[in-house]
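Heads up, there are several structures right after this.
Look at the two complexes coming up: chain A is in both, with chain B in one and chain C in the other.
What follows is the complex of A and B.
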């Protein structure tokens, strides 16, 4: 079995199994913990609406904080949107998803995707530089932060190399690219990448609690 | 130290611009004499005991983006990364992942998260207590929506049980549990004060009525330092013709059990007032100008009681706003420009941001808002029990500079707030910086301008 077949075969299956089992385990492990009843008299507000609203309103920072957070915000937006576009609007990715799920949609021209891939990579490198050089981030960072960065950035790099046919045979590059994505799947449930799911749980929790008090969410 | 020695060893310093115990000569940052191994075990057990789905969600969700630092007055003023709010919880995050997270088995088996040590917790004492007023500004910036302020309060539970509380805060909390007041406002002292005030101001202040519609609670800061607040409350309630009372078996609304992290003491302190209100059949409990008293009774009181409270709970600013808005209470217009300091626990954390402004509107003042204000206000730096901790003074003055600048920038003639703890923090800051601005009480401003 060559590298590409290996990557597309058992490793893909196992990485997805680990992904789904791990994500479910982590979510269930949190969500099934007890919830104490709150007997305080709520204000005349809707906690459910507060929960839903906060999931969206925390997508941007309040204007009072913006001056101090603008650079980090812009970088985060660039690489998050960049990743989303490259993952979901690159035609070969759509074909791959179609082969697995039967779902498909229209993509962007390859040239546009390559440009966005490069911009995303630049933003990811800037994020890493910031993490290493900014004192707060340096203090907070642990293995998870750096490894999560690595498993996020590697598929971007290997994808760009495969597209450019740079460094090895295309099949080999594609095999490495798929393996790097599988590494991301495997790591996803264990580290901070899980925020792609937990953000909704965490934001809605606080949104509901604060809305109940009639406080700002 | 035995509780009986606390009064002798740590007398109250009631002449200082802010009330606390006298500064200890030697720092006692540990209480009790249990071995370190026991200390750490108790700390972590107490920390996780209250752990539910909410706290676990937060512990799982941090992405280490560092955004919370930008909302924290301690970080903004010092630039020291250790004041990053989520970093203040680092040992507790570590303990959570190791002991009770969904993957705790891996963390323990491979020792990926080492056991937290007492030395770490000692080091973190400054971060959990001295440099967090539990103001909750960080909660509003977190892109993951983590309520960091609540987690800090929860971490304090562990710290208290392990005997790792800054000594002054521990001493006033212990005194509050034992004497009924953290600052010497015992029932006898309070009764004497009421008699003196009633006499001096020729006003009726009902005490220990068996039946009353409204139960009034006070803060010991008001009783000992701002007694005019008692008179002001009486004038307002008498003007409204309310059947009200103060009860000596439940009047102290400050809750140092909550601030220090002793959940049982928090409950004891809340239950005194709740029981007093139930006994006299009150339909309404009025909380004084005190921020954390609002959090303790309005939002946690029923949970201490174990069921919904059989009476309504209002902060005095909400009570004033209700009665001014309805026209039951009438005031003369005040021809002044005023800026309003939002107490964090009433506005941002309590949801009563509008109340103070409604009162000021009724008073007809020219309101000059600080930037930022309301839910995004900057904390005065004295909340969360910080104002009692002497070794935190320099840091507190540093963050108070933000507040002075905010107030000065408004150019307002008068500075008003509705929290006596904020007020004493402002008084202390004013004395320290020889500042020309004096903090005033919203309640007293209403009482002084009543149309009776």
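What follows is the complex of A and C.
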């Protein structure tokens, strides 16, 4: 069995099993945590609406902090959207998702995907430099931050190398690319990448709480 | 049997003009990425060579490799070159049969010991002492080892001889292995493909005859000049791949417009061969040009690499049931973790 067959075969299956076990574990574990009792009198508001609203309102920068956080926010948006486009609008990726779920949709021309991939990579490098060069941010960062960055960036790098046939034969690069994605699947539930799911839980919890108290969210 | 006539004399006798012969040499030199000056040198050397003794052994195979060579757009110069080689043993093509055929092989081996070229098509059975494929009561394994002893070099023609091919596909009932798994002390050139391209076989033979060297080989033992690029990189449909234009079925608008066949399972991106450049049937076409995805037939274990019609990016991800079980197992662990957390809260809070 060569590297590509190995990557597309047993490792893929096990990485997906670990991904689903881990995500389910973390999500159910968080949702079933006991909430603190709130003895305050609820305002005449709708916590449910506040929960939903907060998930979206916190996607935008507060005016007060705009000047200080705009750089990081823009970079984050660039690489998040970039990743989403590359993952969900590259035809080979769509075909992979289709093979698992039966769902498919139209993709973008490969040239556009490659360009977005390069922009995404630049944004990912920029956020890492920012993390390393800002003293406070560096102090707050731990292994999880750097490793999560690594497992996010590696598939982008290996994908671009595979498409450009740089460094090794295509099937080897493709195998390495798939293995790097599998590493992401495995790490996803247990590190900070889980924020891709838990952000909605934490924001909605905060939103419901603040709405109950009548605070602006 | 080998005779004393040179290749030039043999070709002249068969009505091949010197101009045609030079064109062939120029094409070969070009195909093998040699400098233009090598064409003249190749012509000169090829013309002077004596007929090379070749012993062709067919083991666990379908004769497709031989069919490919002999049924190429006839009569090609490749065929004539092969006629000019002293094909001393080939049990499909030779007139003799039975004991006479085996005697011819033994005589050729004796007369050209250490100098003959050995061509093998088909894989070698090793299970149960190799009884699943025998010739004249001799197992393929024993015949391979015996003939290889006196060979100057071995050309494994076709994916079966090069990598095991279909006989080696799961569950491999005969214990089939490629030639290179058995013979370790001779230069082996793999000309893979199911079947291989005739001009590639001829090109390899021409290089051995003219330069007296083995071509530079890739990691799978194949000549880099023919197997250096993927089908995808040389495919005329490549621009459609880059534009994101794909045929989604064999009779849709994309198929009629000649768009990329990636979604229909084309293995061109991971397949190394010369189909897209040399093409088949005298340069008429190749599978993708005829509207069918590349099967990846020149790659090791192509038969076990999933469906021919599943896109390359499709993985063996298991089943929905297994993943659903994973979700359920994860949820159970999550419930346990949450209960443990609540218990800890109770302990810390003193039951409040």
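The definition used in the following text is that the second predicted complex is superposed on the first by the 214 of 217 C-alpha atoms of A that agree within 3 Å, B and C clash if a C-alpha of one lies under 4 Å from a C-alpha of the other, contacts with A are read in each partner's own complex, and residues count from 1 in each chain.
Everything below uses one rule, namely that contacts are C-beta pairs under 8 Å (C-beta built on N, C-alpha and C of every residue); 3 or more make two chains touch, one makes a residue touch a chain.
If you're wondering where the values come from, they're calculated on a predicted model, not measured in any experiment.
Within the superposed three-chain model, A:95 lies in touch with chain C and out of touch with chain B [touch as defined at top]. By the touch criterion stated above, A:53 is placed in contact with neither chain B nor chain C.
In the superposed model, A:110 lies in contact with chain C only, and not with chain B. Once the two complexes are overlaid on the shared chain, A:80 sits clear of chain B and of chain C alike. Contact with chain B, but none with chain C, is seen for A:205 once the two complexes are overlaid on the shared chain. In the superposed model, more residues of chain A are touched by B than by the other of chain B and chain C.
In the superposition on chain A, contact is made by A:142 with chain B only, not with chain C.
Touch criterion met: A:32 reaches chain B and chain C at once. Overlaid on A, the two complexes show chain B and chain C touching the same residues of chain A, namely 25-26, 28-34. Residues 1-2, 4-5, 8-10, 12-13, 16-18, 20-34, 91-93, 95-96, 99-100, 107-112, 165, 169-171, 174, 178 of chain A touch chain C in their complex. Touching chain A in their complex are the following residues of chain C: 219, 230, 232-233, 241-244, 246, 262-263, 269-270, 300-301, 305-306, 310-318, 322-323, 326-331, 333-335, 337-339, 341-342, 345.
By the touch criterion stated above, chain A contacts chain B in their complex at residues 25-26, 28-41, 43, 54, 58-59, 61-62, 64-65, 68-69, 72, 76, 134-142, 144-145, 190, 192, 194-195, 198-199, 201-207, 209-210, 213-216. By the touch criterion stated above, chain B contacts chain A in their complex at residues 51-54, 56-58, 60-67, 69-71, 75-76, 79, 81-82, 84, 86-87, 101-103, 106, 139-147, 298-303, 305-309, 312-313, 347-353, 372, 374-376.
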